[in-house]
């Protein structure tokens, strides 16, 4: 009996909070708020906040065309796998002290799990056979390479800081990082973590593929790149994945740097997490979107491997020497 | 009767495992005129070898026994080893296991793959000799025997590299490999003889007993020579161009052997050399040497691979890049590091074998491995595509495949080492390893785009899926890739940790041969603890639940109600969105796919391109320079 | 790196948007905007000048002979779907019967919705027009000795002043109805009264101002 | 309920795909100005899509030259159902000043069913918004008629 | 005396390596390999040499602490090494012939289809 209840509980984690339902609603709202904020910063009225929902449901009602040269299974399964993988990542990220499954993965695992949604979109696009997807794939991959180095440095810096504070030398586990912050306050209050936090803020739009790092999906040059041949519901699922990815990365930021703000009540924590995500989105995605123009792919690479890496490196070195 | 029972005792299995391969080679020369007989003989000998090695797993690996086997019963006299010995500890057996599995799968694959070549008899003879050579190398307890085996496998590998001598570059690759490989072999021989001059023994255990306390100039020189010699076998930097040439030119089944087996023999030699014969691994500088060479191989080869536009050549560079991971992890000299390194060595054999076999399947069907001429094969060769993707995900470390499990341990190990030793250099190694991993992913994305996805060139309209035999061989590797990735705890507990423990039990290794191990520190307490958490099964379970729920929702909302054209006539609705009047062939090739990355590194790539000149003199020069540097290093440091 | 819009974006975030909010707040076109064409058939002379000058072939003129000698029903149709809104027709219209309004709302699901059309009935000509021919002859005859300016005619059709006329043929070329024939060699100026619609184009075109309406 | 939700959403998020079929660029500029802060069509859910596969509304400008005709038809055929075709400016409706040219194949309605015409040369952005709103209504109706 | 052997053998090995590195002719490369090999053989045989020792041929009963003979193991090694050296030469010459047929040259600088 208890097994059944436990199973149902875990199923609830996967399906409701912090799983699918939460991801769907929060991610889409986040996306809508982002679009609204960008519009405000550009002196526009902007779409309604529920616009991503409209887009998603509209796409569900459209015809799905599979190009003759595409391999059907890969083409149709890629979005679903990407979505599922993203939701699982979200499950692994602790919501302050509440962690559904976060004891099962550490920061390095998260780093690699983040590759799976990217791979799913790359393979799905490649499976369509479109030349635009080929170019988009190249750019997407270079963007991933660009973000990887600074992200690694940020994660290592956090691992080292928490580890040396806890006396274990280093600490990769996200739930341990959350627990440490619950006891000792957010990591962002540490001097050595500030450059890492800034770097992480700059990594978020790159990882999600938001403007100005959206060379991979540049709709005006390469016709949405990897998504060029997607239509209907699969496209909607990709858009949903994109929205959830914004949620995932911002909540990863919260877990890494802003832990310890939770109240201990799960529902309230969820709301706080969402609000923090909104603030982070506003700063890292919307604001950056509003003030910049799209970068060329080699500029993206250069930006991440010089400026952002430099910031993260400063943080790592500071953390290494215990500052 | 008792003699039969005695002969069936597992004490004899190591020599059986070696000899069945050589015997098979001999019998194929004699009776191999008929294809069926040849195939049966080859299969029998590789299966027997695999069976013998598997039978040894329990006593050696799990029970921790060390088999000391004196050929012809010539046990040491007067404290000096006179006879030739085989000594099988968990480390040897670990490598033997890799060898036998790789030989087995490669052999199964060859039956279909080599069907259309002439001189199949010679092929199988050389193939089995190659397998036997590596098997003999890893099971041997005698330094000179190791040299003999190195020579056998080098010859077999060179001959097999040049086997398809009409293929582009096969002869050239074989010649380069022969020249530099011979320099390496000569180094091993000189090193062996110098050690003999000092210690008057060739037995590994006895050398391990004698040398560490009696280091002098001659032994230091011998160390450098042996290190470089085994380095050429492992193709670590600066010998990596040879690997690229040889793998690229050899038949795919032989590429599997070269990358999965031959490089492992080099790694095995280096482990034996540094951990056992000289026991210098506790020196920080020695760790530095291994980690430095490992990281260099890792990074240089992965960037070289990004610039390649031949499928197999690209895989070859990746092979060395992964060997760099292994060497780095082994060089950390922590239990976790060695365990991770060996785990990665095993995974490397599996996924690299799988990838080479997939490349061979493509070559078999299309006749080319040029990335610019391929494309869109996923519709024609669906099984090969799936198997290739498993291999590609494994090597790039995508969870839950095996590459991730071992790389993840390597990151842990390097970072722990960095924290424990307080040396920020190891931190750099962690970072290089992580970046290398994503670059690996990038180049496999490139391969999948330019070979399996994208558009099908018109010349390849009639391509078919490869025969079952080849798919079966690939499926074995793929299955092993998935299993070893899903159960990393089982793998580490039952396979790599015993082997890693053996690395740290030099005293037992010496004692098992009947020599006095009192001068050697007993087994140090080894701890495989690591700080990370990764539970692939739970992850997979959650992923499956998530995927299932997504799929149910999708199917319920008629997600799969799609329109796809049927039949030959293609409506423009189902063509690709493209600027022309009609769909044209417009494959985005693999040649310069990641220019955004390469553009920022063009200076580096220019230099690399000039360095990899392809002239055999240059490669020989690199070898000599490497030798000189290592000599200098060992004279100063040891 | 240069980020010129940081302050701007932050400022805009808290200020009012500059949107016109069009469907909610109706918007007037700018002054002198050339939108939907309004055609006033009551003013039209039916000269067809507009049709001739239209670059987009947006204007069609159909003439329908009504029975019982009631005259001609002339219909002008303006196809907004082919119009460049250059207003040349309005400029050329001597009777200002074409007007460009500020209504820019020209959206239709059917092509017919984009047609602006109007028709009027042109009274039948007084057929014999007996006095007209002598009058013309008289005018011509009188012109030479008298050398005085000819009088305008009652029916509004043009009269030439041969004293000033240089027979440049501009009027004939401009005549939308092709009612004028000018022979430079013979120095004659002839009006086909049946064709003439009395639009006044010839008078406007005349460089010497010798045509009198 | 789900179907109704989809139908309602269809009216709130029309994505445009813009095809220039030989236009003089006047209409193109006006179409872009619809998306500028002044008119901000995004507040009505409009968005320029990069690929016809994503689009609901195809906006054609230009007199449909012979060169562009097959490409226009291809791109239109690749738009998934329900879709709506809007001609913008006078050129695709009639050819305008280019009518009768040896290189013009238009009008577009000869080849495909055109749902909405927006007249004007070039149309005022408000007119474009009107036309697109009308197209959105048609889109909703078409969605209602689908299975 | 023995020292001279060692010097000579290392000189030979170095000479062989020098030949391999600097000479651009395939056949000369092979000759370099052989020279290095001879150097190793000389080294091996010198290691086993004991001045004044007899040939290591004896039966168990003859063996006593006073018997003095050269070390037999290096001789066995040398034999093996010679065989291997011959194999290397044969194999590489075979490759050289084939290469010459295919590339039409024996200049190593032109045999670089695989590079970069």
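In this document, chain identifiers A, B, C, D and E correspond to the written order of the chains, with residue numbering beginning at 1 in each.
The rule is simple: contacts are C-beta pairs under 8 Å (C-beta built on N, C-alpha and C of every residue); 3 or more make two chains touch, one makes a residue touch a chain.
The structure presented is a predicted model; accordingly, all values stated were derived computationally and were not measured.
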Take chain B away without moving anything else and the assembly reads A, C, D | E
Busiest interface, counting C-beta pairs, is A-B
Per-chain C-alpha mean nearest global C-alpha mean belongs to chain A
Find the geometric centre of each of chain C and chain E from their Cα atoms only, then give the gap between the two centres in Å, rounded to an integer.
-> 108
Per the centroid of Cα atoms for each chain, what is the distance between chain A and chain E, given in Å?
-> 62
Report, in whole Å, the distance between the mean C-alpha point of chain B and the mean C-alpha point of chain D.
-> 58
If you average the CA atoms of chain B and of chain E, how far apart do the two points sit, in angstrom?
-> 30
Residue ranges of chain A touching at least 2 other chains are 39, 42-46, 60, 63-65, 132, 223, 228-229, 232
Chain C residues counted as touching two or more neighbouring chains = 17-19
Of all residues in chain D, the ones touching two or more other chains = 37, 40, 43-44, 51, 53, 78
Per the touch criterion, the pairs are A-B, A-C, A-D, B-D, B-E, C-D
In their complex, what parts of chain D are in touch with chain A?
-> 3, 5-10, 12-13, 37, 40, 42-45, 48-51, 53-54, 56, 78, 80-82, 143, 146
Chain D - residues contacting chain B, complex | 2, 51-53, 70-71, 73-75, 77-78
Residue ranges of chain A in contact with chain C within the complex | 37, 39-46, 287, 290-292, 303, 307
Touching chain B in the complex, chain E uses residues 13, 17, 20-24, 26, 29, 33, 36-37, 40, 43-44, 47, 71, 73-74, 77, 80-81, 84, 87-88, 91-92, 95-96, 98-99, 102-103, 108-109, 111-116
If you look only at chain B, which of its residues touch chain A in the complex?
-> 376, 378-379, 382, 389, 393, 396-399, 404, 408, 411-412, 415-416, 419-420, 424, 427, 430-431, 434-435, 438-439, 441-442, 445-446, 448-449, 453-456, 531-535, 538-539, 542-543, 545-547, 549-551, 554, 557, 559-565, 570, 573-578, 586-588, 593-597, 599-600
